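Beneath this line is the structure, given in structure tokens, with notes to follow.
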Amino acid sequence: MPKVAALVVGLLMAWMSAGQTTKSTAPVLTVSAAVSLSEALEECAKTFKTRGGGEVRFNFAGSNVLARQIVNGAPADLFISADEEQMNVVERAGKIVQSSRVELLGNQLAVVATPERAALVREQFGRAAPEIRRLAIGDPAAVPAGVYARQFLAKQGLWTAYEPRIVPSANVRAALTAVETGSVDAAIVYITDAAVAKRAIVVLTIPASQGPKIVYPAAIVSNRHFAHSDQFLTFLRGAEASAIFARHKFTPLTSVGR
Amino acid sequence: MDVWQITTFTIATALGATVLMIPPGLALAWLLARRRFRGRLFLETLISLPLVMPPVATGLILLLLFAPRGPLGRLLASIGIDVVFTWRAVVLAMTVMGLPLFVRTVRAGIEQVDRRYEAMAATLGAPPLRVFFSITLPLAFPALIAGAVLGFARALGEFGATIMIAGSIPGVTRTLPVAIYTFTEIGRDREAALLLLISAGIAFAALWVSNYLSARAGLRA
Amino acid sequence: MIDLDFTLTQGEFVLEVHQRLDQPVTVLFGPSGSGKTTTLDAIAGLRKPSRGTIVVNGRALFNARVNLPPHQRHIGYVPQDIALFPHLDVRRNVLYGQRPGQKLSLDIVASMLEIGSLLDRGVSMLSGGERQRVALARALMSAPDVLLLDEPLAAVDLELRRRILPYLERVRDELSVPIVYVTHDREEVRRLADSVLVLDRGSVVRSGSPEEVLE
């Protein structure tokens, strides 16, 4: 048994001291992106590859985690955040190529409920009727979706009415689950989350004019693979990628004049 | 989603981390069990930190140390070794999080070994290192196994520190817990459930192996 | 030859030993709590005197500058609780302290103590008397400069005692290793001792030949 252990340790040591592979002509891009964008981005990457673009590797996590990693020098090439605050953090730390920062995507809020309660919620939501006893949103203290939800309610003059009935959730998934299990009567989530919900259905879509401005900024992080990063970012803002994003219910914010 | 790759990657890194935590773990367990020295309380506390801090906090500390501009990261980069966003970060996070559990368990086991046996071995001419390997460790072997299994289990389930320092890069640093988190976040509950079942299966297998090894050790001599 | 000149304080108890032991078998005799085992522990390096010196065959084991750890003292110790290693069989227990190239072989010791047939047994499958002999063999196999025995026959019944005593006599007669032997049994003193130290509450109150001390 000690011999086996020694062998494993030896192999591990040898493995760990192996350095990086030499760079090939088309470098692999590392893109740190918010988890909510996983499926859409992976589709984009696949299409990008068939169009002759290079290999793209994604690092999906919460935007705050991603921002931390980048601020501390983690080797990401591109950063796509779920909210502007985290991008600001990274920008303030001087970690992005400033001229590359763009507003890549938008999103919309939606009110969801179970099919049984849908009709009631749809009618009564705007009046904050007492039949809607509990409302789940992301925790405004922690999650951008929660911040947006709160902004929306405030803007509609509904915050005071709903505040005692709010159930703050650790994340949007939890809010959705709360609705689907009947623990709450309705939830405010992103329309992109509602799209993958199993039982909850969208009761109200909040148009962009009524809702807060939800932006997913993107930026090139380092000069390491600038040309290729720029290539991919441009692709993400192009027509093909926009179609993919739209299919996943994101709002592409294609820029002017690039 | 490549279930096979995620599973084998997670098992391999967890095993690697378990093996890695044994030498320092044994040394620390022995030190704390058998030696009085200044700064002993400090050492105990330091080792326990990953246990009581939120894993994300531990991950942050590791990131500060091993990122390309961190002190250790810079050192390793100068000899061509990258840590952050690679499998090495996964093993590192697992080792750091599992080590406290390993040390605790083995330490308790060593403390149970009657010091008379160690004293006898010493009078028979065995220097401290030989006493440790020929007397203390064999007599504390069940604790060693239990500690390794605990360390392995902790490594298997490690998430917070891993995602901070290794990220969640499909095919490169995505472990079972990280994958489960990611899939849950995007609503792919079926894949998440499958991975969950696999995790549970591995945990069962680990416990079974540990019981088997403990029984074998108990039947010896 | 063993030179003891030390003081050991432990709480309220103070042990003072200032004796030269130059006989083959020295017995430490006295009631329990008088410091006999502590004296053995001090010689073996398991307890540290507060001050003084311990010298064996001209070699300083303990003095103001030096405190040799047990593994460097060349002491053979058979404690009262025997402490055979439970995870090793008899052979490996006995051979544990053997140093390469030493002249004393397993065959000699095994035949002297008649444990040849026990060598492959597990330690838990030995009778009380067998355990004693194995422990003795183990201490001898490390070719010590002095052998310390702490009440080897205390936990053993009369019948067994009769049978083990000859082995001890044999060890005394055939090997030239000086023995320090702790007991509170007069029979053992009579049969084995060349010189006796009587301890009481941490001091040597009488010393001399067995006849002188026991009358």
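Which chain is which? They are A, B and C, in the order written, and residues in each are numbered from 1.
As a working rule, a residue touches a chain if its C-beta (ideal position, glycine included) is under 8 Å from a C-beta of that chain, and two chains touch if they have at least 3 such contacts.
Computed from a prediction, not measured in an experiment: that's the story for all the values here.
K.L.:
When you take the mean of every protein CA atom shown, which chain's own CA mean is nearest to it?
P.N.:
Per-chain C-alpha centroids compared to the overall one single out B.
K.L.:
Compute the centre of every chain as the mean of its C-alpha atoms, then state which one is farthest from the centre of subunit B.
P.N.:
Of all chains, C has its centre farthest from that of subunit B.
K.L.:
CA centre of subunit B versus CA centre of subunit C: separation in Å?
P.N.:
Each chain reduced to its C-alpha mean, subunit B and subunit C end up 45 Å apart.
K.L.:
Nearest whole angstrom, what separates the Cα centre of subunit A from the Cα centre of subunit B?
P.N.:
Each chain's C-alpha centroid was found; their separation is 32 Å.
K.L.:
Taking each chain's centre as the mean position of its Cα atoms, how many Å separate subunit A from subunit C?
P.N.:
The separation of the two C-alpha centroids amounts to 76 Å.
K.L.:
Specify, in ascending order, the residues of subunit B that touch 2 or more different other chains.
P.N.:
Subunit B, residues with two or more chain partners: not present.
K.L.:
Note which residues of subunit B are touching subunit C in the complex, please.
P.N.:
Those residues of subunit B that touch subunit C are 114, 116-117, 119-128, 131, 134-135, 138-139, 220-221.
K.L.:
Okay, in this complex, where on subunit A does subunit B touch?
P.N.:
Checking each residue of subunit A against subunit B gives 5, 8-9, 12, 16-17, 19-20, 30, 32, 35-36, 38-39, 42, 57-61, 65, 68-69, 72-76, 171, 173, 176, 193, 196-198.
K.L.:
How about subunit B: which of its residues touch subunit A in the complex?
P.N.:
Touching subunit A from subunit B are residues 15-16, 19-20, 22-23, 56, 60, 63-64, 67-70, 73, 79-82, 84-85, 88, 91, 163-165, 167-173, 182, 184-189.
K.L.:
Hey, which residues of subunit C end up touching subunit B in the complex?
P.N.:
Touch residues, subunit C against subunit B: 44-46, 69-71, 73-77, 79, 81, 83, 85-89, 96-97, 99, 122-124, 138-139, 142.
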